[in-house]
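Structures given as structure tokens follow.
The following pair of complexes shares a single chain, chain A, combined with chain B in the former and chain C in the latter.
On to the complex of A and B.
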């Protein structure tokens, strides 16, 4: 779906008459694009500032150390050494002139310490203050700009944040806004940083990626995006979707596996298929999901069970089987598609919400377990994403969903897919057990 | 401020013409009121169900074990033993008919296990699913009903949840909705459960309570409410508010202390005052706070520093001084007033948000430290509360703030105060390091 279609209503004559503000055009990734379309301002006295400046330069972009008259495409402030209220006041002094000069689709990226690791009460307060601060900046910056915070573990070396900084500065993170993500000491053996925006080298080159529910919608976009980034695809969907699935397999140069993931033998069949064809899996994306909406007061057992079985039980069983096999080696990544509803709840979706919250519980519980194998598991939680489903909503519901976020528009399936691509890299081993919302900083929380 | 005033607009002729739905009247607490205005349905096979049923009966209310034709005032389901998706399906079977029979201002209260303590991945998924489920129920129930989840630590005995169950079932929790709160093993020496709704016995009887910023607004309401519940008040505010402060002291039978909490000697003066007058403090409520709104792009150092100094630095210093003194003994409680903005961020309030997020960091960092003394520290985070400040907002902003929550109205200062009263009880020692939103399940999250 194109940006144009999203803006159909919002920038049309009716919207103008109603005084609806114009929807900013988000910068999105295309191969060969530079990391940033303009200079980056890098500041702060933490241990990451130098490495961040170096990677931006390595990508062929400019770094400035002072704010002048020129607009900047990114503002990166390394506050990982902030421990006092005076340090916090210094951050204000850096950020205040910088956000004034942020270009459209600009990036504010803060790096901060982990409140849970802070030495002392004031330091913990300051670390948590950055959480509120970045969410405020995300609500204030305009024209498609975003603001995010990387909370960095005390033990993480500069290289640990590399893939996350590249993602959050790049156009790939167009719809990731107002988020706080933790980067720890990477699991497994050290990995080279990705060369994300090089036309000759692809960040997922050589990786075998499995995507469930890949025949259409967000799943198909995930397959397309991972293939674009160099992955070899195994696309999975139910037999009834076989025709669409074959199309996705063909256009991504991947292989199709028709499989009802809720079948008793589904985990064994998937494991056998992967073992025979590839001998491994480097990225497993649990994307398949269904909805059967009803208020809880009218929710029968069939609706409940069918949603829980597809969205959660099948994932639990397949993940179990994969971990029991030797398919997931050092550097393998699991990413599960949760939902904003799984965080905030949603009227009429008790079954769907339970399944999507359950995924978050699964991810958090498995993260320390899989880390021992050099594997990570994370969740993405999409907000309002433009799909065939949202296209059929009543216009008021749809416009409401699109507008109650800081970017004033719905996201695209590719925005979810790009986030999965980042988490799926071998170089993203520092990100584990996280739930990353892809929601344009949707207002809807809990 | 009365309920009537809140409903002025919403239930008036203009609102009717606009088709705005009617605002439900929330049941609120008054002394002598029974815990529940009708029967409670108590179900579930966890270790708390029996004790919860017993406390409801002890309060003179009725417990039913089956849903019949009659409406119920509360639905309590003990799911602390839920570990499988089959257990979750059983919860649906219990809840589906029960929520149909919930009376206006009814209470849904789930008790669940802590996902972080779950034995196994499926159990962790199920525990987290309850988080999403209760937030969904809160969004579905109508007519002033609420739904909340107590996450109970594996080691907590039935008595640990007593004060929290009483609060969440009672009218005192009118504006606490869609919240997930953890109850652990109580700190300090075991305490008797409170007799919250007895006309002869008061839950805060004999306790010395300090409230900062008590001259007006939410602070004055906190003082009034704690005094109603039997506490002896020390009300603190700046000298310029001395006249109002004296009125609050007089009507609560407390003592006034004029103090600029940001003054260098303020912590020492407060400690000396308490030591001389009472020799101890049982409940310290950090309520004083100011706003100096500006977009970060225009935020000068003076605005930043003044807000951080009052809202955060003064609290850090006073808490330090109190903990260094011997005023806070076994059973003492600290409650700090944060804000929904401190969780979600807020446009135009970077300084205020940083201070209110900082409070959350402070509370979480101090909780394990103060637990060793038998002390707890928690935060309340008000959403849209009707005060003199909100009364002067433009009507559209005000109506927006009031409506984007599940109870479709703003809260009252007393709703914040009642929550502090619960956290301030000696019997609430199982609740520590928590951030409880008093927001009617405001949509605004992060």
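On to the complex of A and C.
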């Protein structure tokens, strides 16, 4: 998929002799792969450290409590009890030797308290300090390693972070870097029984997943990934894309629904289809999106409306219709594909940016509403992802997009898909109303 | 076990393409496999073992002797799904549906797929008959001298191949020429034909616009709609075309009011109600009954002095067998021609449909040829081919039945009640007709 010649060259013998900085080849997930390729160093005195260590052991990996000579595949520090500058200094003392021993494609995962819940000014300052600290670690670690922070609500039990810890430690989160995600008290049933038989291999077993815009690109990758993780797929795309859509459906053993999501009756048709064929939907992925680029000065209403209708209005209408139906039960998850452009803005994409920023607003507004039904809604915001679209960019633009992030490369569609798979689990109920960037810690909009 | 009614669950076809166009390099096997895979995708049947897949092609290569089974093996259906080919000219698709529906009705199978495929582009071309005889003999030759003697029989003229003919073997007349005779006999006017053809285009275009085909058609090779479709077609525009069938003064049949040679495939998914329910699949309609008929368009009537030569009803037209099949089907089911909410009469030619309707309205014909006291009468034309038919969509011979069955089943499902009549004429003077009723 990725045709990154500079990365390939930088890993060759010649580049090594010339001293060219290496573009790391990221470790990515394949079924059967262990959670971590080496030992994990777990430290900290918060209420999660023990549970995280147990989870890693349960996955068949080793946990070390001291940093020695051996490199470690992950550094997990539970700082959820950090409230003072002395606590912060203790964190430095733990992290300083640990990051030196981080293996390629290693993982730094911090768990911290929620600044909004901090008791006192110093505690709030310390909680916020972790935010900056993790973003800095993400920029300093090398060789495809990532650093992320889980901000955990005071009321969240240890099990609430399990699916997030699994995701962020595993190779599934290859391109999620420098991100701060909040985990609250889980919404809906925290775990659904079939998934728990195999939380690592088949975390979506038994779940019905709907993916719009699934005929190609990131949407097709989402379908493939969710199916790999055990979901039954309903793949949706415009009728004109039906040829590819059928291939995706048959490849994933799913069902193809040719539907123009902007049609007046599209929400009703989707609801009727799901009701008839499955009686429920456990995961809805709003992925369909289009671009019609023009500078705002040249932007006509047709361009504006077509993008807003597909990228945002259809999502609002379909989500409304699904919520009005009884298809979204306890533990159902909605994930919407936003964009880095929706956070940062982008020249020539006023319509696209408005739609993608609008998605973020939609997700935040809906999160508390859907939570009452045991449902979560989150957004993923991809950065530079290697697709057919980016492959046709001018070289300079493409290279700029690829390198301006901490991993010095573009992500793959599967990186977006893996993130959606994590948010789509019933066990991820603690994550709600979040915008997770899949951008390799891109500088754009950060 | 009493027979039950087979359920029509849905269908899939690829857009139909004018011959030597978009599908010029697609084979029957390519198109049938793709159409089957589209059906599998629509109904989530990957790795499913179905009772049977029955389909056929009219223009068929000898290598495709097991066409449908090969399509199954190339598809995402379970390879343990049996399949067989049938062929009854343009009646193939509907005849395949009858075959599957009957087995379901008898409880012999629980599910099945029926339809057909045809390519007029990738048509089989056989070696010259003289050459073929030499080659067959050569294959059986036992000695070098025998072989050399046979090789000496090779002639340059034998390089000219046998190309499939669009004509009736027993009359040498093309189907269009036959239809032109019938049109003249029934006094079907040019204006009526053009108006009818334009309506077919307009109806099909409107149906596409409202998304009617979203769950009936899967694009193929970049084609998303039937490329014969002319949404802006009008009777006035069609009136400008020159006649191509029938001769001289009074010729009425043009390329515009006749179906073009077309490539495509169409399939329908059928099952028992129980099978559909177990798979959470919709039942759009039930297959009620079917009838076939054949007419003698060869003997009599034609030559002066021959039986019936001077009589208006003396000789049956090549494509008029449905005129006979329908009254028999109606009688068996205790129905009249007016008891239908939809009529799907295959538009081989606009004149064929109009002549068929005229024959049903004609008291003399009813009495003399159908043996009925009264004619079947006229139909409400607003119920005829309401989402277009072959004149607009095109007519890949064996694919038309599947297209019509799936279309009618969806129309009945949309309406939520009522019944529909299917009438398809076929080469060889044959006709296949059937009744569907809405699922309740």
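Just so we're on the same page, the second predicted complex is superposed on the first by the 415 of 446 C-alpha atoms of A that agree within 3 Å, B and C clash if a C-alpha of one lies under 4 Å from a C-alpha of the other, contacts with A are read in each partner's own complex, and residues count from 1 in each chain.
We take it that a residue touches a chain if its C-beta (ideal position, glycine included) is under 8 Å from a C-beta of that chain, and two chains touch if they have at least 3 such contacts.
Source: prediction; values computed, not measured.
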| item | value |
| --- | --- |
| Room on chain A for both chain B and chain C (clash or fit) | fit |
| Of chain B and chain C, the chain that contacts the larger number of chain A residues | B |
| Partner chain in contact with A:154 - chain B first, chain C second, else both or neither | neither |
| Which superposed partner A:205 touches (first chain B, second chain C, both, neither) | neither |
| Partner chain(s) touched by A:277 [first = chain B, second = chain C, both, neither] | second |
| First, second, both or neither for A:301, with chain B first and chain C second | first |
| Partner chain(s) touched by A:290 [first = chain B, second = chain C, both, neither] | neither |
| Contacts of A:391 with chain B and chain C, given as first, second, both or neither | neither |
| First (chain B), second (chain C), both or neither touched by A:57 | neither |
| Spatial angle chain C-chain A-chain B, Cα centroids [nearest 10 degrees] | 130 |
| Partner chain in contact with A:260 - chain B first, chain C second, else both or neither | second |
| Least C-alpha distance (whole Å) that remains between chain C and chain B when both complexes are overlaid | 25 |
| Set of chain A residues, in rising order, touched by both chain B and chain C | none |
| Touching residues (chain side chain B, partner chain A) in the complex | 85, 88-89, 92-93, 95-96, 99-100, 115-116, 118, 120-140, 178, 295-301, 304-305, 308, 312-313, 316, 319-320, 341-351, 353-362, 364-366, 369, 404, 441, 443-446 |
| Chain C to chain A touching residues, read off their complex | 37-38, 40-44, 46-47, 76, 211, 213-215, 217-222, 224, 280-282 |
| Chain A residues touching chain C - in the complex, by the definition given at the top | 239-243, 245-247, 249-250, 253-260, 263, 265, 276-279 |
